[in-house]
Each structure stands twice: as C-alpha cells, then as structure tokens.
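Next come two complexes, and both contain subunit A; in the first it sits with subunit B, in the second with subunit C.
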Partner chain A sequence: MATVTTTRRAPGGAGVMPDTPGWARWANDHRKWLFAAPAMIFVAALIVIPLGWTAWLSLTDAEGSVRAESEFVGFQNYLDVLSDTDRFWPAVGRTAAFTVVALLFEVVLGMAVALLLWRPFKGQKWVRVAILMPLVATPVAVGMMWRLIFDPNIGLANQVLGWFGIGPQPWLAGQHSALPTTIFIDVWQWTPMVVLILLAGLTSLSDEPQEAARIDGASTWQRFRHVTLPLLMPTVIVAILLRGIDALKTFDILYATKGRGGGSFHEVETLNVYAYGLSFDYNEYGVSSTVLILFFLIIIGAMWALTARRKGARR
Partner chain B sequence: MGLAACGGGGDDSGASKTVRVTLANHVWTENIKAALPEFEKQTGLKVEITQLGEDQLSDQYNVKLNAGSSDLDVMMYRPLQEGKLFAKNKYLADLSDQVKSNKDWDYSDFQPSPVEATTYEDKPVGVPIITEQEVLYYRKDLLAKAGLSAPPKTLDELKAAAAKIKASVPGTAGFVARTGKSPAVTQFSSFLYSFGGDFVDGSGKATVNSDAAKQAYAFYGGLIKDSGPANVSTDMSWPEAMAIFTQGKAAFYTEANSLYKNATDPAKSKVSDTVGFAPFPAGPAGSKPYNIPSWALGVNDASKNKSNAWKFIEWATGKEQTLAQQKAGVPGARTSVWANPEGTANYPKDLVEAIAASTKDGVAHDRPVVVKVGQARELVGQPIVDAITGKDAAAAADTANEAFQKFLDDEAK
Partner chain C sequence: MKASPSYRVFRVVALVVVVLALVTPLFWMIAASFKTNVDIYDTGKALVFSPTLDNYATVLKQSHYVQFIGNSLWVAFAATVLSLLLGVPAAYSMSRFNMRKSALVVLMARVIPGVSLLVPWYYVFSNLQLVGGFTVLILSHMFVSLPLIVYIMMGFFDGLPQELEEAALVDGLTHIGAFRRVTLPLSVPGIATAGILSFIFSWNNFMFALVLSGADTKTLPVAIFDFVGYASIDWGGLMAAATVVTLPIMVIALFVQKYVVSGLTAGATKG
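Presenting the complex of A and B:
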C-alpha cells in the first residue's frame, strides 16, 4: 500500500524505491492499463473486431466464401437496403411493433404482479417459483412448445377454445395473427423478469412515504400514482432498458415458431430474422452485414434516447 | 491431434487416426452409428460423430467451411440444396481418383441421376447415400368409406376423391401436403413436372409462369385450400403435414417416400395399419415425380485427413452397408441393392411398386438447380402460398417468374 501512495505522489518513477527492477517500475506506472488489459483484450476480441469486420463486410458484395473473392462496393449495399420497401422497411416496422407492444404488456403486467407479490402472504414462496418458471426455459424450446399448442389443427389452444364453443383460431398460422401471437409468447416468457426487477425495487423502498400518504388519507390508487410509482421510476427505466434491448434482438422465439423468413409471407420477419436469412439462406453476407450495422445504429439510437430520458428522470 | 498415421495419401501430412464426421439427424445416421464399431475394428480408426438438425448442419457448414476450417473430415450434405454452392466455393474435395480406386466398391453401381447430382464440372464431389421419390400416401379405410376401390391414378381423380372424403367424413381433410413457401417447393415439383412444366427451360430461362406451371400452382394450392385441413397454415413442412396425416386427420398426402416409416410405425402413427402407398398420380403430362439423392457424403477440401475420410465413405456407401440401410428403411442409390430381393423385402409391397414406377420416369431435381437454392425456393414458392390463401395463382406466377429470371441473371453474372 505504501509503495502505491508513493508512486502516486511522484509519477515517472522518480519516487520509487531504488532497488525496484525496471519492469516492476514500468508496471507500477502503468497499472491502471495493466489491470484493465485483460478486459480490454476480451472486449476487443469479442466485440470490436467482429463489429469492425461486419462493418467492412457491409461495404463489399461478400457472398459466403473467403475463397470466392468479394469486391468492395462502397455504400451501394446501404443504398439498396435503405430503398428496399419490400423486406427491409417492413422488418423495421415489425421490429419496432414487436418491441413496443411486448414491452408495454410486460411492464404493465410485471408491475401489477410485482405489486401483488410485494406484501407478504401465505404461500408467497411457491407463487414466486411458479412465476419464474417461464424464465428458466430456453427460448427455442419455448417457441417449439407454443408452436405445438397453437397448431391450428391438432394444437391444444384450439381444443380448449372448442370446450367453450369458440371456433378454431389461426394463431401462428394466420397472416395477421402471427405477430400478435409471437408477442404473446414473448410476454409469457419475459414478464417474470420484469416482475423480478420491479419486486427488487419495491422491496428496497422505505415505508415512511407510504405511511405518511396513508395518514393523509390517500387512496390505494393515489398512493401508487403519486408515491410508489415516482419512487420506483429509476427501477422501471432499468427494466425497460434491459427488456427493451432483449425484445429488440428477439430471434429464437420467432425462428422457432415461424421458421425461415419469418413465415411464408414474412409475417414475423424482424431485422434479426431478415439478417439471418440474408446470410444463411441467401448467402448475401455483404447485404446482411449492412442490415446488421443499420440495426446496430438503431439500437444505439434507441438506447441513447432512453438513457437521456433516464438522466432526465433523475434530475 | 491424435497419432500421426504412417503411410497413406501424399498430402495427408496432418493425417489423424480420428475421422471427424458431421451428420444430419436422419434414420441413415442412426443406422450408421449402430454399425460404427465394426468399421472401427476393421480399420483401427476412431470415428467422431457430430450430429445436427438439417438447418443447424447447413449453418454450421456455412460458418466453418467459410472460415476454411479443417476440423471437419466427412460431411453429410444435400446435393440439391448445397451441392452447387459448396462445389463452387471449393469446399468439397474432388473424388475422381478415390471413386476409381476400388473395383469391389464399384462406382458404376450407383444410379445415374443421383450421380449426376453429386458431380460438379464433371468431377465427382460426393457419394449419394439416400434417394427420394415422391409418392402418394393414402388411407385405405377412408377410401373404402367413400366407396372408392383403388387409389387415384390421375391428379383429377385425386382432386375428386379428396373433395368427396372431406365432404363425407367430418373432421377429416381430403388432402394434406407441405404449405410453407420454401418447404413446399420440393413436393410441388412433381405436380409441376406432371403438368408438363419445370422451373427453368433448356436454355436456362425461368419458366414458372408457363401455362403448365400456372395450372400446377393453381391445382396444388386449390387442392389444399378446398380439400385441405381447416385453418391451414402456410408454414407447414413435413413434420407438421405428416403429423396431420398420422393423427388420422387427412386421407391423401403427397410426400417423399423416405419418410414412410413415420406413417407405418405404430409408435408414431395412429393410422399405421391403414396406410397405403401409390405412385404419384398422373397429370396432363403423365406421372412425373422427382427421383433425387437427398443426402450424400463428401470430403472437406480443407481436411488434412482425406485418405481416412475416404475410408469411412467407402465403408459407409459400400454394397454391404447400403443393403443394411435399405433393409432398415433407407432407400439407397445402388442399382444392385434395388435388384436384390433382400433389398426390398422389408418395404410395404405397394411402396416398392410406387418407387419402381418413380425411378422409371423420375426427374433428377426437385428444386431449381442453382447456387443460392434458399433464395430460389422462396421465389418459386411464392405462388404456392398465394394459391393456398386464395389469391390469383396466375398473377403470382407472373410476378414470381420476373423475380426468378432476375435472380438467374444475377447468378449467371
């Protein structure tokens, strides 16, 4: 400890003990970089390099082989993609719709469930475990399971509807019902996570403001609206951020339920599904990279907007 | 790396006693896995198997081969789906010398059309292991209920019979088949050929809007729309369509013969004892189902273990293994095995007849033969789903043809 303080007072090694070998002195001087190095190398290898490679690919007409040469085409792919109203823009719309609607349901439902679980009651432990069940399942397995349940002819969902005299619904099969159905699946799987986050936030709130409001005669709704919610807002934004990023990049549920291209009419083709199809079905690695880079920019933009809002909420 | 093998082929400097084989989930794979110890004992080699689903397998190859990875030796691949792409990208090793090296193994024993599909620029790059023909699956009991004594011989008869059964047996569809834009293309192809059409003509021009093609689209889509299951989805591949058939919810089903065990195995099928098979019904141009190699084995060109990889292929595709596979229900590509009564003894009799009829007039492809098959399938498959959902099939075929022609032009560049 003592050495550390010394060095800090005298940068450049002048104050280091004379018998310290050269490399140790150097290490001491650059320790903040040294300690960070493993993490930086890790980040570089796993994030920066692939991202840079993708950015490079997006400027070429790469077609799926290192041995088949690809040509540099400049921003041609970007022009093509941005003017593609057939697949790209509808995919952007679906990505946005999926994210916003799923997020809305998850936060509202998550809030309701978290409030119910907030105050202790008998059997609470079991209810919590039950609620967390969907979270632990793999999304692909979840998708396959719902695909079976929602099969229009031999699925359980329509059988159950039949008991109540309701006619069979197309669910995932319908051109217009497919996206809402996948949103339902996403809500089913991920609401528990929102519950978890909000519950953590709720339990850390202090009781005094609630007490004070109760004494002042505020109704349950008023207490929620004017006391709990404002206090909980930072947590809510964290939940929105985490779930929002996840919802934006949803892939497994969509692919497992509707397959390649998001179904025969691209009913659930989001940007992720589209980019996947471009590389693995069409071997258009260049165009696919372009879509991914644009998607990346969209996510960065959305996150920036949300965090700016978060700072605003803090102020 | 394992032990370095002495001797062997010239460029096998990195030869290993372990052969790394990547296989798809398939009955063939299960059979070969059971027989592996025999091969390992014979050769002293060790076989390491990676087994994946069709799509995952394909993605894995794309990623690994693209990176020039040498940790795959033998690859099970789909000649019609990826063959051209892999060969063009030089992922598949040229097997010209290997196929000639062993007289007893006998390359000339393989059926010509599967061999054609595993050959690229006159060089063999794969060995076919599984062949497929499209046949008609049907329910004998439902036929009897509708007062029909024999399965339909023509597409018109099929249409009439399907409509009759749907009308007379509540809760049962007359006909089911694949409906997904891309999955349906292969099974639709036999309808297309039997109407006298094809995806491209002799000069390489797109022909999916020919009169014959328009009729075929309208027929296939109409059959599913009018006589198919209620609420039919447009995403069905074979597992979904097969489930409807084997749950007893449909009378007729056109599908690859290689999947027949799903229908006849009592553990998987509720209708196992009433399933019949018939040759693909004849259209205006006759009965013209496809006859294709659905899977083949190839050697990764970047592998450093090529001679041992070939040893595995030689064994797995030899007469003995092919016969064993065929007896276990996997239709092979060897003429001698089909000629051997033992080779067909375990098949339902009507299925053997249907297969014989298909191999006689079969067409050697079941999808457009191009490099980017995935994209081509989506283009030529669009009119199928449009027809199923009640849109104008002819207009859809015109649009598809234009897009498909543009695709072909791009690919020819």
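Presenting the complex of A and C:
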C-alpha cells in the first residue's frame, strides 16, 4: 500500500484524511477510469459488437431471419452491391446530392442570418425564439406538416403560387421534384442550427481586426471577405462537420414524407433509407450489412477529409 | 459600431422574412389541427374557419395517445437521467485528464448510422426477450443522449477553474469528495443544458423506436403514423397528432431557451 500513499497526495500537498475507508481510497486513486469507464463500456458495447457483427454479416448471404443458417460468401456481396447501378449507386448519388445541396444552402443562408443577428438590436430575443422553433420541433412531425403544405391539391404552397399566377407544382409527389423538396425541408429545419453556431462564433470574435480594417478604409464586403470570414472559418467547419454528418444520415424527414423505399420510384431513397429497407422491409441482412459498411466508410472518409481541412485552417 | 439607416431598414425587412419563413409552417400545422377535414380541403377557408376540437378528441380517444405520451415522457426521462449518471463523471474525467482518445469512443456514437447497429441490437435484444419493452427503448435512446451529454459536459468542465477543487483538497476532501461537493454543485447550469438537450433529442428520436418499440411501448413520433392510411390521410387528425408531439417540446424550449442555445452551440467557438 506504500505506493498508494504517495500517489494519493493532493496537489496542495495535503494528504487524504487518515480515517478514509480502503474502498474509498481505492476509488479515489482510480477515479480517472472509474468515472470514464462505465460510459465508454456502455457505448463501446453497443457499437463495437454490433459493428463487428455487421461486418461479418456483410460477408454472408444472411436473409429472412438473422437466426437462419447463412453461408460465408466472401466479398460476393461487395461485388454485387458495387456493380448495382439500379439501387445502390443512385442511392449514393442522392445521398451526396442531398448532403451537398442542403449543406450549401444551410451554410450560405445561415451565414447571412447570423450576420443580420450579429449586432444587438431591439427585438433580437424574439428572432432567436423563432430560430429555435424548427430546431426543437420533432422531425417526423415536421415531415408531416410539410406533407400537408406541399400537398398538390390542398397544400398552402400551391395556393401561394396561385396568387402569383404560377400553376400548381407536384412538390413531394413528383418523381423529380421530391428530392429537392425534401432538401428544402431539411434546410428549413436545420439552417437555424448553423445560424446559432455561427452566431456563437461571431460573438466570440474580438472587434479589433474589424476596427483596424475599417480605419484602413475597407468596405463592408471587404471586411467580411478578408477579416470576418477567415477568422470565422474554424467555426464554419465545425458547423459543416456537425450538419454534414446528420445530413448524410437523414432518415426521419424522408420516411415521414415519402414512406418506405423513398417513394414508388425510390426518388428520395438515400443510403440510409435504402439500408433500412433492405434490413427491415426485405430482411436482406447480408446485402444490407454490405451497404452499411460502405456507407460507414463514406462517412468516415468525409469526416477525415473535413478534419484534415480543419487542421489546415487552424495553421 | 453604428449601423447606417438604410442597413437598418434592410435588416428589419430581412428579419421579418426570416421569422415568417420559420414560424408560418408551424402556425399552419396548428391551424389545420383545429380544422375539420372539409375545411382543410377548402382553400377559401385557409385563414377564416370555425375552430373545432374534434381532431384532438379523435387523437386522444381513438389511438391510445395518452398512453403514448406517457411512453415518450418515460423513455426520454429515464434515458436522460441514466445518461447523466454515466455521462457527467465520464466527461469530468475526460476533461480533467485530457482523455481525448477515450472521448472519441463515446463521440463515435454520433457518427455511426443507427441502421448499422439496429439489426444486431434487434437480434440480441429479441433473444433476451426485451424487444417491445421499455428497457431496450431506454438503452437505445441512451445511445443518443450519452454522447450529447459527454460532449456538452466536457466543454463545460474545460471551462471550470481547477483551483476551487484544489482548495477543497487542501481542506482535506478526497478527490471524489471534491468532485461531489464542489464541482458538481458548480456544474448545475451545464447539467441542466445537457439534460434538456438530451430530453429533446430523445423525445424527437424516431428510428430506434420504429424498430424496437412494441404496440404498448410506442413513442409519439412512431404513433403519428397511425393517421397515415394506405389510401387516404386523416389530415386533421394527423396535424393534431403532430401538434401534440411538437408543441410541448417547443413550449419547454421557449422557457429554457438560454440552455437550449448553449447546448446546441457547445464547442462551436473552439474550432
């Protein structure tokens, strides 16, 4: 126990009270892992084992029931999935389109609104309340709400277009308009998130570089382009990272507006929707696991690219 | 810096547009929940209509909604409390001992697509006879809450001065005693932020409950689909159901907006 007595010394130099029971001393000395381990074990158990299993399933022909006999097929599923131009590659394309377009709008609009809100003004509190509403609204309910608004016959959207003499649009019901419409819904719900993050970044910036540029005679646009934006870049990348991961995994809105399989023509079938359908509508566990492993690799790759960029921006 | 008059006019107009764009759809949902299905189909009655509570009566009577509200409350509450119990000490340790790699293990849960875990979970939990019960729902929602709480609390503990704890050690407290009697009481605002956000995200979660809940343990986001039939949709009922899910969480957020905002933007300014 001699080692314990020395490691237990507090930074101030005072020792622990001598009447502390043994288990409390032990807990005190090992608090680092005692505190951290339960959460880590919980998450790891729910991730590592399933992920390992998914990786294994992706190498088998499991289907129907996970309990059913399945055979090891090597990389056959991967060959099948990667050569599947019917469902897999279109789903990859939709996932990429959804994520990139939604992110683009969310960051540009989010930046514009954050700049509007930057300097204090009367009524700022109410604008912030409005911004919070879409963020906390239940995504499935939001999907249902837009489904009514975008209904081709009775929806508000077409009524409003009617006032301007524009004919009704199919919105969610159209084979080519469904994906853009769901992107619009995502932008509506999550642009406020980008606004909040960028606003937090803006308010933490010091005023001095701004003032200096102003004295040097820089215009508003020049100040934004050459002073504010570079200083804000790390925050922008945090926002892109956080929103990007969630946009890649979007499920609630797509399921709520278009149902299973992403609509009759799979018009909003992203990788997540596709994998969900393979797993729980068709019980194709082998193939769905393959899709999921590939999806996972795409996400890790995207994150890696962005964090590399972030480290670059910091330098 | 003083804004020019023309910019101020522009800003007012722009902000009115932003607020209207964000609030009108929600207003429309709530308005439709007070309309009969006939009025919803009548474009002439978009704004002027005689409100009815029939949809809410349908929702509350027909589909065990009261029970589903209770389920949602229980799952979100239990997941939040348990995640706080696991997450707050973990975040403390990870912040104090700079365990960034360990933190990454927990934060991985934010990155992984939920579907890739659901098949194995479903298999394991159905073998344990747990699918359709509350345990598995609470565990799966903890999987959403815990990383969120660890992320928020790590940032909070990073900003808490260590000197206060050191003073407590000099006064003869153990490290754990100092954590319990000094750090925890000081962390109440952070814990409130993390708890509220965890509750909101758990309340809104859909995919896990879609697969893992049973007829008696359905949560509200899943129960909404009862109003979507194959052939037709009961729009009034659907909007009432959507309002019942969304409104409570929006009202809570209104009252505690400071915490919600600081939770959502946690870590944002550090880059």
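As a working rule, the second predicted complex is superposed on the first by the 277 of 315 C-alpha atoms of A that agree within 3 Å, B and C clash if a C-alpha of one lies under 4 Å from a C-alpha of the other, contacts with A are read in each partner's own complex, and residues count from 1 in each chain.
The definition used in the following text is that a contact is a pair of C-beta atoms (placed from the backbone, for glycine too) under 8 Å apart; a residue touches a chain by one contact, two chains touch by 3 or more.
Bear in mind the structure is a predicted one, so any value in this text is a computation, not a measurement.
Trainee: Putting subunit B and subunit C onto subunit A via the overlay, clash or fit?
Mentor: Overlaying the two complexes on subunit A (C-alpha atoms) leaves subunit C and subunit B clashing.
Trainee: Please work out whether A:105 is in contact with subunit B alone, subunit C alone, both, or neither, and reply first, second, both or neither.
Mentor: neither
Trainee: In the superposed arrangement, which partner chain does A:175 touch: subunit B (first), subunit C (second), both, or neither?
Mentor: Once the two structures are laid over each other on A, A:175 reaches subunit B alone.
Trainee: Using the touch definition from the top, say if A:152 reaches subunit B (first), subunit C (second), both or neither.
Mentor: It touches subunit B, and subunit C stays clear.
Trainee: Between subunit B and subunit C, which one contacts more residues of subunit A in the superposed model?
Mentor: Touching more of subunit A: C.
Trainee: Taking the superposition as given, does A:88 touch the first partner, subunit B, the second, subunit C, both, or neither?
Mentor: Neither partner.
Trainee: Just to be sure I read the superposition right, which of the two partners does A:192 touch: subunit B = first, subunit C = second, or both, or neither?
Mentor: second
Trainee: Just to be sure I read the superposition right, which of the two partners does A:282 touch: subunit B = first, subunit C = second, or both, or neither?
Mentor: first
Trainee: So in the superposed three-chain picture, is A:260 touching just subunit B, just subunit C, both, or none of them (first/second/both/neither)?
Mentor: First partner only.
Trainee: Subunit C clashes with which stretch of subunit B: 128-136, 200-208 or 236-244?
Mentor: Answer for the clashing stretch of subunit B: 236-244.
Trainee: Which residues form the common part of the subunit A surface touched by subunit B and by subunit C?
Mentor: Touching subunit B and subunit C on subunit A: residues 66-67, 153-154, 259, 279-280.
Trainee: Under the touch definition given earlier, write down the residues of subunit B that touch subunit A in their complex.
Mentor: Subunit B residues touching subunit A: 55, 58-59, 62, 65-68, 85, 88-91, 179-182, 229-235, 237, 240, 243-244, 247, 249, 371-372, 374-375, 378, 381, 385, 389.
Trainee: Quick check on the complex: what are the subunit A residues that touch subunit C?
Mentor: 10-14, 16-17, 20, 24-25, 27-28, 31-40, 42-44, 46-47, 49-51, 53-54, 57, 66-67, 112-113, 116-117, 119, 121, 126-142, 144-149, 153-154, 156, 159, 188, 192-193, 196-197, 199-201, 204, 207, 210, 214, 234-235, 237-239, 245, 248-249, 251-252, 255-256, 259, 271-272, 275-276, 279-280, 285, 288-289, 292-293, 295-296, 299-300, 303, 310, 313-314
Trainee: Where on subunit A is subunit B touching in the complex?
Mentor: Listed in rising order, the residues are 64-68, 151-154, 158, 168-170, 172-173, 175, 258-261, 263-265, 277, 279-283.
Trainee: Hey, which residues of subunit C end up touching subunit A in the complex?
Mentor: 1, 3, 8, 11, 14-15, 18-19, 21-23, 25-26, 28-29, 32, 40-41, 43, 46, 86-87, 89-90, 92-94, 96-97, 99, 102, 105-106, 108-123, 139, 142-143, 146-147, 150, 166-167, 169-172, 174-176, 179, 200, 203-204, 206-207, 210-211, 220-221, 224, 228, 233, 235, 238-239, 241-243, 245-246, 249-250, 252-254, 257, 260-261, 264-265, 267-271
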